[in-house]
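In the two complexes below, chain A is the common chain; its partner is chain B in one and chain C in the other.
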Partner chain A sequence: MVVLISGGWLAVVVGVLLGPGVFGLVGAENMQEQLTPALQAAMGWVGLMLGLQARREVLQGLPRWIWRVVSLDALLVGLVFGTAATLGVWAWLDRWDWGGVWWGASILACASAGWALETRSLVGIETPAKYEQARLAVRAGGTLSALVWILVFGLLLSIATRGADGAVSIDPIRGGLRLAASAGGAVLIAVIGRFALRIAGKKADAQLAIFLGMVAMAAGFAGQMGVPALTVAAMTGIVLANLSEKGVREFERFILRADLVIATLVALLAGILLSPGIGVPEVAIGCGLAGMRLVFKPIVLQRGSPAEAESGPLSIAGVRQSPVALAMALSALLIEPSSYMARTLAVIVIAGIVCAVLPVVLSWSDQRTKSVNDVEGVAP
Partner chain B sequence: MDRRTLLIVLAIAGVLGLAWAGHTWSIDFTVADASGGGPAELLLTDAQGQSYAPPRESLIDAGANVGLLLLGSWFAGVLFKRFGLPSITGYLCFGILVGPSLLGLVTTESKDVLELVNNLAVALIALTAGAELKFAELKGSLRSVVVISIGMVVGLGAATVLVAPLLLRGLDGVGTEEGMTSVWVIGMLAAPIIIANSPAVILALVNETGIKGPMVQTALAITVCKDLLLVVTFAVMITLGASMVGGGEAIEGGALAASLASKVPGSIAAGIVVGLGMAWYLRVVNAHLPVLIVCACFGIAIVSGLLGLEALIVALVAGVLMENVYSERAEAMFTEVNRLSLPVYCVFFSVAGAKLDLGALDDVAFAAIGFIALRTIGVWVIARVGTAITGSPPGVKRWLWTAFVPQAGVSLALAAIIQTQFSDQPWAAGFYTLMLAVIAVHELTGPVLMKLGIARSDGRDDQDSPEDAQA
Partner chain C sequence: MAEDPQTPDAGADVVERAQERVLLIMIVGSAAAFDDVLTGLLDIGLAGTVIESKGLMALLREEMPVFGGLASMLPDNTGTKIIFSATQRFMADRAFDLVESEFKADQRPLAFTVPIERVTGMRG
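On to the complex of A and B.
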């Protein structure tokens, strides 16, 4: 068996080693100064990359059942994970604090959306050709679900706003206005970026300058508005992707070259920033979320996908947590750099690691029972 | 004004409007100090009852400022290019526009955060400058490089020290307490700033015009050689100055020698180590080159600061080593460096522009005009004499001086170090303003002049690079 555990988790471990909990190369006292620019850039980059995937033509070309998968996942996240996260956070805080429960539950629930897009590790060498639809369900369904929940995440975190005195209050009007202003900013950045790309043509250095400018501006404006950088950058990407086809595809290809590097950076930052003081409650909530994923996510993929995709190792692909979950927790940490947010990040990391190990174990046992014919069907 | 120019102006207005909106509507977590003093940092309490400091305003603004400088200055560069001016003049002007002197969108506090990006830029520019020094191509002009470099440092330095008493009479705090001592000290401290020119401007113009002939090669080699001499000169001047007026850290002669002996060879040794490390990475890994470059440049900036080395020399040496010893392996790396250079130039030059305080120029106008005239005439004379003695080609002989007019980051950094080191002196603020005024004029006029010089000397008088024409 080839055990492929996503490299991101190794970067998380490296981050933990570098962070204040172990070797302390990045000290706790000046962590904000050192890491905020990198965090903003990473969040902006991830958001923009994901947003650019939402091109109208691509979405229209997807089979209808993908939307069924996304809707089922949305229901699952909203109802089951939302309720469980609220109860879990309430118990964790040991008191009812509207702002605290709202934020914690929103982050944990939204982080449960979608799944990792990795499909190879579940079948050892390569996904069998006959599981092509299952692979589409994992990849397209996972991307769309993450994108939808990034927007919901922004909305939920904006509703509970922290005033200048530090008190968190549920204020849909004020939060809505901030989110609307951010959306306006995202549209403006996208329009300006589109025009800049038209001038830049195929010049790679100019494309890079424009892209970095858009990432920084979207993430920075989000920070100023108190809205997650991930959400505003994703909005910018969505608008940019749908303004016009010409030139944007080239730009998208250009920035996608860095996806592995950015994913590693996000994981590294998560490792550095997660709270070193993890106790039983964090582990319990993390394992609880992982357990729920194990139970419910395969159902979403099986019920949503057509019959051919129902069986096989990829049906458990949904168990593995999406890397976007880390980005969501980091985005929240940018707005509120508190110990509570660092612990919430730790919960997500624990859930993610458990979820990364589970499918490997399960696909291993699945392979042991596989017939010889299945093995012969492995695609080149 | 044609439609595209109008749209570019509108895009700049849009970027500025967004930055203004973010700046105005940003959540401010600072509250007035209970004692009625300045703003105090607020400690908030999270849902678990733990206190934490909310993000500082300058940190919140940092991302938006980087975006503003990148997008805005890029558009400004495009706009200036449409009028036949160098893009970097556009970046500088945009920096001045958004800096504390005019719109105030990039504040003094957020400039500290931008220093991080600036340090990366300095290392990347030095790495590129080092890579442009190809020993094989420089063999023919080695004599002129040595003669002009020494001529600039000795001739221009001496002229600055001698003329300083004449020009500095009206400057606030000069000669009031220590007689003529402070005038000579200021002259000594001004000399390295007057001598320095900008390797970044040369590289940016090469990038923009696509012209890289003998004049550019010679100018770059002289600039790099001059930078090495400047590090030593500056350390000597600042130490002597401190011991003469008692400002900053007065260092004993022996300690000065020890410091110099460790700084320059130490920086060269560190540069060799970095170069070898990069060569090893390219041989063994050879992937994710932008990551290698960014990490190397940040590493150079941070480690040099910690070890008291000169980041500029470290990166220069690494670049020279890569280009001349491991040129085959380094080719792909320098292609990536070129790709990264445009965003770096946008931020670097716009930050340089934002640092200029236009409000204080009136007070130092006389002295500034004097130093500008001295520098321009001095550069022209030394370059003409040096090229004549060494028998340089006619184009180089006539136009080389234009490459030494532009100033930017190196000069600004030297001025800032002097201001910090001598902050207890009554003339420190006035001196800083004066130097900024001199640098500002050379920053804005230098690139225009040099672009003309490159076109006349090294090639064609074109506005667009081959890439532009293709696009």
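On to the complex of A and C.
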């Protein structure tokens, strides 16, 4: 139960109950249009939250081995998960459709980056000192990996464009230019934001107004460029974090304080938008991704961390899917509101739930085996 | 006209009350506010002990971060500071005046006093 609460999965369940599939409190008709403002605000908040953490002084203060963890995870996501997602989506669609495969595989591969950052359910409320390095690997490595892949996710999705005839074409140059233009927009939004924050001072209501203005601008840029709002907001956050201004630090705290609230909102929206027609292929791909996480993610954390680092129960922390995965799927739904995207979201939710439960089951069975062995050991 | 017999006693009461020992406790949420509070307290000549602390929500953000993994490791985002000062009531009143004049209502640190029944080792 702790796992389901800490992973935000109960909020997904509440979302499903509220959605058109069960009680229908949120109607199916124009549902995505109705939820668009909430989705954009949530994506903007998540993007800013992640981007604002990429402050130069903080990154410089991290041990170098953290970058080894991030690089190994990037290799794993790009090569192993990318290939598996492409093959899985190809089999799922039952035909080679460039656009469909590109979109589905990009989302599923990027969503497999990083891991959940929460450690309390694995080591208790106070992390023992011997696991400090492992905790740093989980927290810092997971955050940076998610941030890197949000940018890659933006590039991959902007490369694929849907024409007037509905066909999807792949154009790397155009996609790159779109992302570059979005980066320019992010710099502009951040500079305007800094100016506004200087005027606003520490007032929470003014900071909220500035935040909404920045999200509206980021969503507008993202919509025009066909780049995910999550990516534009993250880029804005990165630029803003590195503009040395006292007001920016206050704003950073204001944004970061809402961590749990926004996570719940994201999970709730994911539950509402979840496709009711989940079938065997979605479950199979979701479970497949979860199985791959179980095999590969502990290796990334183990190989990336220093040899003397003790990880104990945190060795399985990498198995749990990052909550950023849900944000990525929702961000893709904003660009391409289709049933295919809703089913891709379903795959990510299934993978996330299986990944949240697997480590608990494994550690429980491990403890059970140990206790049986202990009893046998003392038996005459 | 006869003098009010209460006046000298009332004056003595005020002086006595001002010199009562109290424990002043201030909980400061942000590093920026802490700097201002500390400077102000030093200006009025109030000494104290500072301990690092965490609010419940800050503890949750630190132990169960969802998106703020790096931020959860920075004390800026998760820590508060508690200032303890065993002092006299008139000094505590000065500290309250300082907090009320220097900070807007929504940015003030939480400050309160509790009476001290018995004390030893106190200087000043």
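The rule is simple: the second predicted complex is superposed on the first by the 349 of 380 C-alpha atoms of A that agree within 3 Å, B and C clash if a C-alpha of one lies under 4 Å from a C-alpha of the other, contacts with A are read in each partner's own complex, and residues count from 1 in each chain.
Heads up, the rule we're going with is that contacts are C-beta pairs under 8 Å (C-beta built on N, C-alpha and C of every residue); 3 or more make two chains touch, one makes a residue touch a chain.
The structure displayed is predicted, hence computed values, not measured ones.
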item: Touched partner set for A:249, first chain B, second chain C, both or neither; value: second
item: Chain B versus chain C as contact partner of A:44, first or second or both or neither; value: first
item: Chain B versus chain C as contact partner of A:223, first or second or both or neither; value: first
item: Contacts of A:188 with chain B and chain C, given as first, second, both or neither; value: first
item: Touch count on chain A, higher of chain B and chain C; value: B
item: Which superposed partner A:340 touches (first chain B, second chain C, both, neither); value: first
item: Which of chain B and chain C A:204 touches, first, second, both or neither; value: both
item: First (chain B), second (chain C), both or neither touched by A:103; value: first
item: First (chain B), second (chain C), both or neither touched by A:278; value: neither
item: Shared chain A contacts, counted only where both chain B and chain C touch the same residue; value: 202-204, 260
item: Contacting residues of chain B [partner chain A, same complex]; value: 4, 7-8, 11, 14-15, 17-19, 21-23, 25-29, 31, 42, 44-48, 50, 52-56, 59-68, 70-71, 74-75, 78, 113, 116-117, 207, 288, 290-291, 338-343, 346, 467-468, 470-471
item: Interfacial residue positions of chain A with respect to chain B in the complex; value: 32-33, 36-37, 40-41, 44, 93, 97, 99-101, 103-104, 162-166, 168, 181, 185, 188-189, 191-193, 195-196, 199-206, 208-210, 212-221, 223-226, 229, 258, 260-261, 334-341, 343
item: Contact footprint of chain C on chain A as seen in their complex; value: 6, 8, 46, 49-50, 52-54, 58, 116-120, 125, 136, 138-140, 142-144, 146, 202-204, 246, 249-250, 252-253, 256-257, 259-260, 262-263, 323-324
item: Complex contacts: residues of chain C adjacent to chain A; value: 30, 32, 57, 59-61, 63-74, 76-77, 104, 106-107
